[in-house]
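In what follows, structures are represented as structure tokens.
Below, chain A partners chain B and then partners chain C, in two separate complexes.
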Partner chain A sequence: MAIARLITKAENEDPEATIALRQLYPKTGRAFLVGITGPPGSGKSTLTDKLVKELRKRNKTVGVIAVDPSSPFTGGAILGDRIRMSDLALDEGVFIRSMGTRGSLGGLSQASHAAIKILDAAGFDYILIETVGVGQSEIDIVKTADTTVVVTVPGLGDDIQAIKAGIMEIGDIFVVNKADRDGADRVVIELSQMLELNQNMGEWFPPILKTVASRNEGIIQLVEKIDAHKDFLNSSGELIIRRKERISNEIFNLILKRVSVEIMRKLAEDNWENELAEILEKRKNPYDVIDRVIKELLQ
Partner chain B sequence: MAIARLITKAENEDPEATIALRQLYPKTGRAFLVGITGPPGSGKSTLTDKLVKELRKRNKTVGVIAVDPSSPFTGGAILGDRIRMSDLALDEGVFIRSMGTRGSLGGLSQASHAAIKILDAAGFDYILIETVGVGQSEIDIVKTADTTVVVTVPGLGDDIQAIKAGIMEIGDIFVVNKADRDGADRVVIELSQMLELNQNMGEWFPPILKTVASRNEGIIQLVEKIDAHKDFLNSSGELIIRRKERISNEIFNLILKRVSVEIMRKLAEDNWENELAEILEKRKNPYDVIDRVIKELLQ
Partner chain C sequence: MVESKIRVLVAKPGLDGHDRGAKVIARAFRDAGFEVIYTGLRQTPEQIVAAAIQEDVDVVAISLLSGAHNTLMPKIVNLLKEKGAGDKLVIGGGVIPDDDIPGLKAAGIAEVFTPGTPTSVPIEFIKANVKK
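Take a look at the complex of A and B:
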């Protein structure tokens, strides 16, 4: 399939992918991007699965990008994903891709951005970006989304503490999954208390939903809240603000990456090894070298 | 004290710190840098404490930089450190500094590099860099060291698995601390098996030591191994190779940082907001904008 091949090329930083992304750009911006994040064991995969099925019932096409920085696997090779999504495998209105850390986390972030653009240009109505919410990199990936769903479950040891401050701030919708477990209502109360403390709240007050994804409970309500947030983003002008910020960050990162390559090339050239030796022997000051390289590099 | 003030300035990215670092550079390179890393609960702090005392007995002066990315505290404000090191507080041959994440992890890394240079120029014989070995950033900080000591303990749940592959590769000396606990010998065996599998092994085969830091057991042997590794680095020429690589990385990162600021300034100027709007409306292609900015930015 062309989509899968192109994503693989983007993962491999194949120059063809860059050319393709440039050509695809005018076709992007139509898909609605939903980020789904939460700690391991919160049932994000099952929830995503059920969301896909509910959106399909509504005749929407759905792309899924499951990002797991702790997984060395990529290219949709995560067995669990394949099994869980197997009943969707023959549906042409669904595309599922798992991405692990083949290269660096920065590379994963860039590859997932590329994958989103490819699915967007391919015409999918919704793109679900599923990540394990543990580190800064995942937060960066989730920031790509138009709507971010933060998933938690009762009994995660530290309960609500498991949702870090940074994640709390990016949630547009909160889901307490496995809500048939003891303590679900307490988690809801704790979440709403934390949300009320949030000073940076805009016009949208994030709803808190209870789901039991494995039994398909609460999924319709979740889709409705996602669509309500989508309507809010459109009517308030917030969608344009978010997307402007996103494209601005992407452009910055792509420029920085190309400039990094240029700096490395510059440092590798002529007598860098000799210069390093002189620096080590204190015959040259590294800060003078930095000034010189920057002067030579920049206009 | 001048050292403490200067480190604080470096943490705050005060331009005065840059000027001072430039002036201090010719005085650096004399200290021997020892990285001490391991998972939380491995007793790194106690081990560092005992190492300092043993080095002081040998009439060596010692600087300690304790980096904890999970701590919001900085400037030596970590209470536990103060208490534990209190009997060293009046010793002028010892300087201890805790650094937490005031800013970003990248900022922490840069500030700790600056602190190392400041202590080095101040004439300390040894600089111990203590970090929690959990993420890439800590690995980057540890890579600054001439000798890296990786600390583990028996019964860490996953035992040896708690030492991630990346950390395994950077260890010059391995310490099984709290070795009076059950399972210490098994950890030693597992470590040596993992080391034998390492294909990238050079001429130095990393020793594995057992310590009980709280009872000062094994500390003399650890200091001897550190000095043996120091001798190896000097006689093999490896010290110069490592320090060249380190200064090369530092120069690259400092250039990248200054170029980042330049890119941000460039993007902030004139009609960036209008241009973003045009990009969102597909009237401009972001890849063309990237090409233009790079052309304008670079020579």
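Take a look at the complex of A and C:
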């Protein structure tokens, strides 16, 4: 099945996608996954476009998954990342897919994990995953990518505090984009001070780079740092550790999902409405019900 | 299986430099629950078709003000067919003279929406005509 259609089927949780993913699994693991996260408007898509072009110069094929938030109210979304990548549309060595978060709490839906596997099995050398860095999604990206690039820009003001709280620990590489603007050096200093405070730093000390994505400045250095991190992950054995953790998370989430569907089905069968009424009337204790349901489930 | 979402590529080919209309329709489509892929200004038919295929959209909505609709719209339809993606619903919108509409429809544009049409009209048209 063509890549594009298969991703659609995965998004729609079509059983055919599960069958295909099962078959594809042995072919996955070759691609190097780079997460690019940061606040809206920080230049992630522009940076992605330039990164792809630099990787293409090095004869690498690239898949891009660009995730933007879906509206929690209508489920609709405007996925505009391709605006910055229009020159790539006709390059056979590049595949770009825009995805909505579709209600996934963590920013990366199960479908994006599936899309990554599909592109990986299709043989792309690099897969770039762009996600908006707000809250939980940053944590998601680090569970998913081999290398996480955290993008920030001068002039965010107090947002740097949010960055400190959320993502200092997850960045393998920090990029201060829009370095053509005032204050880039100050952001670099702030970031490096925060990094030095970070206690759980391993053998890799995250570099901080300045880029002007819109003018293609600093991109070669960024690709070099990504490749340096890739080498570090390989030589230190960290790649295996990260990937093990990732697949563990993914399996756990998939099991959880299947089990929760089972539970909902079982509760619906079990006269659930009446039981809820009894609980509200204090004739039954919810904690007893929980114990019973779990006991029955584990039988 | 979950309910599949309608995916729409809002395309803006041609040389005219503003995309207010395309943005209005993109927002209306989003509010109708569609996933809208917006590719920006001045796209060539080849770029639009490549994006439509990779994004596996159900609908290609072409917004045009430049007057080149009689060449650009049929070209997109033909390229889609060539690439084996002739099943996508192609609709058009913009300043298009009534006299041109029959020709566009004959060329495979499913429907044409002229200025002043409430956004609910293309939305209902898409909902009714996307094969899901």
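Basically, the second predicted complex is superposed on the first by the 269 of 299 C-alpha atoms of A that agree within 3 Å, B and C clash if a C-alpha of one lies under 4 Å from a C-alpha of the other, contacts with A are read in each partner's own complex, and residues count from 1 in each chain.
What we mean here is this: contacts are C-beta pairs under 8 Å (C-beta built on N, C-alpha and C of every residue); 3 or more make two chains touch, one makes a residue touch a chain.
All values reported here derive from a predicted model rather than from experimental measurement.
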item	value
Partner chain in contact with A:R265 - chain B first, chain C second, else both or neither	neither
First (chain B), second (chain C), both or neither touched by A:I96	second
Chain B versus chain C as contact partner of A:L280, first or second or both or neither	first
Touched partner set for A:I251, first chain B, second chain C, both or neither	first
When both partners are placed on the shared chain, which of chain B and chain C touches more of chain A	B
First (chain B), second (chain C), both or neither touched by A:R243	first
First, second, both or neither for A:E13, with chain B first and chain C second	second
Residue numbers on chain B that touch chain A, as the complex places them	18, 21-22, 25-26, 29, 105, 135-136, 240, 243-244, 247-248, 250-252, 254-256, 258-260, 262-264, 267, 272-273, 276-277, 279-280, 282, 285-290, 293-294, 296-299
Chain C-touching residues of chain A, taken from the complex the two chains share	3-5, 7-8, 11-15, 70-71, 74-80, 82-84, 86, 89-90, 95-98, 100, 102
Sites on chain C touched by chain A in the complex	1-5, 7, 26-27, 29-40, 43, 46-47, 50-51, 53-56
